[in-house]
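Provided herewith is a single structure, encoded as structure tokens, for subsequent inquiry.
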Amino acid sequence: MTQPGIYWLQQILNALQLGSIYALIALGYSMVYGILTMINFAHGDVFMVGAFLCFLAATVLKLPFVLTLLLTMSAAAGLGVLIERLAYKPLRHAPRVSAIITALGVGLFLENLTLAFYPYPQHVPPLLHNVTWRLGGVAFSSLQLIVISLSLTLMLVLDYVVRRTSVGVAMRAISWDKTFVPLMGVPVNLIISITFAIGAGLAGAAGTMYSLAYPVIDPYMGIMVGWKAFIAAVVGGIGTIRGAVIGAFILGGVEIMVVALLPSTYRDLVVFSLLLTLIVIRPHGILGAPRVQKV
Amino acid sequence: MIAAIKKHWNRTLDARWTLPAGLAVGMVLAFAIPHFGLLNNYVQLVLIYVGINIILATSLNLVNGYMGEFSLAHAGFMAVGAYSSALLTMKVLPVAAYPALFHLAILAGGLITALLGLLVALPSFKVRGDYLAIVTLAFLMIVKSALENIDAIGGPRGISGIPRLTTLPWVFCWTTALVWLIRNFVYSCYGRGVLAIREDEIASELMSVNTRRVKVLAFMLSAFCAGIAGALFAHLLQFISPRVFDVVKTTEILIMVYLGGIASIGGSILGATLYTVMLELLRPSTVAGLLSWLPAVVFDPLDHYFIRHLGVLRMIIMPLALVLVMLFWPRGILGLREFRGFIPQRDRRSHGTAPLRRTNTHAAADSL
Amino acid sequence: MKKQLSVFLNLLVVSAAIALVGCGARAPKEAAIKIGVIVELTGDMPAVGASSRHAAELAVAAVNHAGGVTVAGKRYRIDLVLEDNAAKPDQSAAVANKLITQDEVIAIVGPNASLGAIPAAEIAEANHTLLITPWSTNPKTTMNTASGAPKRYVFRACFTDPFEGRVLAGFITGQLKARRAAVLYDVASEAPKSQAELFRQTFEKLGGSVVAFETYTTGDRDFSAQLTKIQSANPDVIFLPAYYNDVGLIAQQARRQGLNQTLIGSDAWSSPELVKLAQGSVEGAYFANHYAADIATPTAREFIAAYQQKYGKTPDDVAALTYDAMGLLFQALKTAVAPEREAVRNGMAAITGYPGVTGDIRFAPGSGDPVKSAVIMQVKSGQFAWVTNAVP
């Protein structure tokens, strides 16, 4: 019997790992929402395509880890921009719901296209050598630590980009007011494309890291992860980057802790009830600001 | 020439006998087809699916289109209706002796689901937009998880052996009744309240629209109809399980609504019909049959490379078609417009079927 | 208005389409018998559908190559009508209906997952058409829930869940002498859940104790919380009645966390993809299977070789069972008095000892469930090795 302290430490590590992967995906949702007030439901499937790209890079091209990560991130970013240009840009002045349904359609398209090529689940070969250390009964796997630290690094880089660079300033400006910002000489279309590229790139990175941590991939893996990351982004306050990260870690934490404390069959029931309560108590999410409504 | 046809068409629709005559014809057909076997079983089944999907799409359109919310809970409502009515017909009511009790079970299922709709309406007082989407999604997940965990009603195995009581005439009756109910609701003062909430909730509150009551009624009506659709579904397939009522099912209903057109009953009917029929038409043997008149030189490579793989290609073509439709008709094919026959006489001139001018109406609907 | 007209035209087109569909396809008038196959090509188990489809096509190609099937003295070619049910019950029902009434098939093979098999079975029974499911292990598929009696027209090629749970529990207590077992299963999937429960019942009846009974939901990837709980309960063995793609993840995470107990699996493990996905983490694990490739009969070896040559992969249990289902159907056709549905059904019920890929199959009188034995296998050096047989 492991001691209770050790047991909880292990569960906390599990929660951190799950949370950091949700966070990378939730960031994409939040960024796109912040700038376009649009829920990009195809995001979860971009994540899935990222995982398959990682698989291809590792098995066909036989690239090492760093190159695979870079390749996957750039290819996913390219895919994100492509989707934006083809499916979302024409609908920028249409009601928001049509963009949402288009996003759902694009997501379905990506899922079934991947399915046509890979109906069988695939195994991603380990790109990083995994070392398990045991410290007083707790098993630390180097993989877990790498996933957590890499995700945190990417989040910090993103935070820096959004707060300090001119691109980031432009992104924040556009999310505040889309009508007047172009008059200030900001290339709106370019910034929007860059936002999608960054969001999709992060999803691609999440896909790579996910395949490292959970090496079995299939075309439908993006659905539940996508919806959960969306929930995380909303719980944290959709549109804010810090909110997305906080929401993701909360969701990951709650999921793991509920299983740790209660019989695991009740996990979904309890997690979603808690989320429901949270939203009702704080209708705009944790860090979200209510939009001022003029009557 | 076209103008003359149009004028004649409009005059027919405005006449008082059109609706009863149309319904009578439909009723006769609905009874005759199964009785005389005018269409084979498969086509009858597809027609029943179309009917059930029409109920689902129209009821979701009430909340998503007319009221401007983004509700994802519809599959959950369907599940509750399906399960409660199935349990009633299997365990409580003696349907074998009195088949008419089936309708009692359907009604009961709908009413129980309406209570759930009340529960979903409560958070909507405080929460709007994407946040309400999460709340409704959470409801759906909770319902699904609860059904999986309660072993007394089958758990993940579901319920099988439900008596097959759904038939084409009954589906026709229920579909017509519920569409009529929703249409009357939409053109009543509550319906105007619903539209007002969509346009500007605070302003409508100030103009003495009881937003809470209207929201509760809209959600309850929507849930009631979805529950009935679920009940009909359960007694058609004779087997239900929690896996059937998941996010994917909600997504399908959403697609039907937004494809056909938001805030339009005719649109929901169109969307539901198109989606269901296209899904069935795009099957390898059906397409092969339809194209069999082509010369072998054209048909054989077509068959080898395309038709044979339609099983998988179908699910690539459908979303692509959806995206294309959205790009051309962003509000759906009949979005914000209405089939003239559904609009009551007094509204015909003001509502019209012309594209609405870009007034405030559009602006608010665009911010959905 | 233009839109009115377009709506009207749309409806016209739609009804015309329905009418056309209703007229039905003109079948070529040759001596051919049509068999309907329902598989899950899209939806959440495309791997199952792909395997089943491959095996069905292989079986039909083999039979046609050998000159077709002789029914009542006349030779017939076999035509396959393959349809997708997207792993959904409503599509299963629609497709079953279509195959029976529109395509006029003589019998149906499939669907595989019980979710689709049960509604399709109801339709087949109502229309007096033979349906044989290769892979559905839910007892309800072949049973008439109202009367409790077996259905007349529905058969299956595999053994049922209750049998498997008992077999494995017996093996663990008997041969492995384990007293404490932990179970981890998918709560949203009915085959693993019923296997888990039956295992628990049998194991406890045989004197063991189930120290942990954990669950996850379909699609979950992270089992760290459940595995940590299992670890703290300190079992002797861990029972994982999961599909092989889940096993890959669970086993790897378990080993990573330091759980080194023996793993026990169900027949859903028996895909060659298992070792590819799980790598070394399932080494030494035991599981139940329908047949053992290393002591395979000549029939099985032939099938494995042909499948490997045509599709480049070793067949999994779904493929083997589908091949047997097709074989059973061909046998039923051969002994039928006429190429008609009722005759084929009688032919199927009369089968006593068909030498299939998955063993000798015969149907108990009046039942659609086959009498088959299971084998217990072990993963040794990345290969499946036979350990022992388990008879019902």
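Order as written gives the chain letters A, B and C; numbering starts at 1 within each chain.
One rule holds for everything that comes next: contacts are C-beta pairs under 8 Å (C-beta built on N, C-alpha and C of every residue); 3 or more make two chains touch, one makes a residue touch a chain.
If you're wondering where the values come from, they're calculated on a predicted model, not measured in any experiment.
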Edges wherever two chains touch, nodes for the chains themselves; is that graph a line, a ring, a star, complete, or other here?
complete
More C-beta pairs touching across which pair, A-C or B-C?
B-C
Centroid from C-alpha atoms only, then distance chain B to chain C, rounded to Å. What do you get?
34
Would you kindly tell me how far, in whole Å, the mean C-alpha position of chain C lies from that of chain A?
35
For chain A, residues contacting two or more additional chains:
112, 115, 223, 265, 268
Mind pulling the chain C residues that touch 2 or more other chains?
41-42, 46, 187, 217
Residues within chain B bordering two or more other chains:
145, 148-149, 312, 315
Residues of chain C that touch chain A when the two form their complex:
41-42, 44, 46-47, 49-50, 187, 213-217, 219-222, 224-226, 228-229, 231-232, 234, 245-246, 248-249, 252-253, 256-258, 273, 276-277, 279
Residue numbers of chain B touching chain A in their complex, please.
64, 70, 123, 126-128, 130-131, 133-135, 137-139, 141-142, 144-146, 148-149, 200, 202-203, 206, 247-248, 251, 254-255, 258-259, 262, 309, 312-313, 315-316, 318-320, 322-323, 326-327, 330-332, 365-368
Contact residues on chain C for chain B in the complex?
1, 3-5, 7-8, 10-11, 14, 17-18, 20-22, 24-26, 39, 41-42, 46, 81-84, 86, 88-91, 93-95, 97-98, 100-103, 115, 118-119, 122, 126-127, 138, 140, 144-146, 187-190, 193-194, 217-218
For the complex, give me every residue of chain B touching chain C.
2, 5-6, 9-10, 39-43, 45-47, 49, 145, 148-149, 155-158, 160-161, 163-164, 233, 236-244, 266, 270, 273-274, 277, 279-281, 283-286, 288-290, 292, 311-312, 314-315, 333-334, 337, 339-340, 353-354
Would you mind writing out the residues of chain A in touch with chain B in their complex?
33, 39, 87, 90-91, 94-98, 100-102, 104-109, 112-113, 115-116, 223, 227, 230-231, 234-235, 238, 265-266, 268-269, 272-273, 275-276, 279-280, 283-285, 293, 295
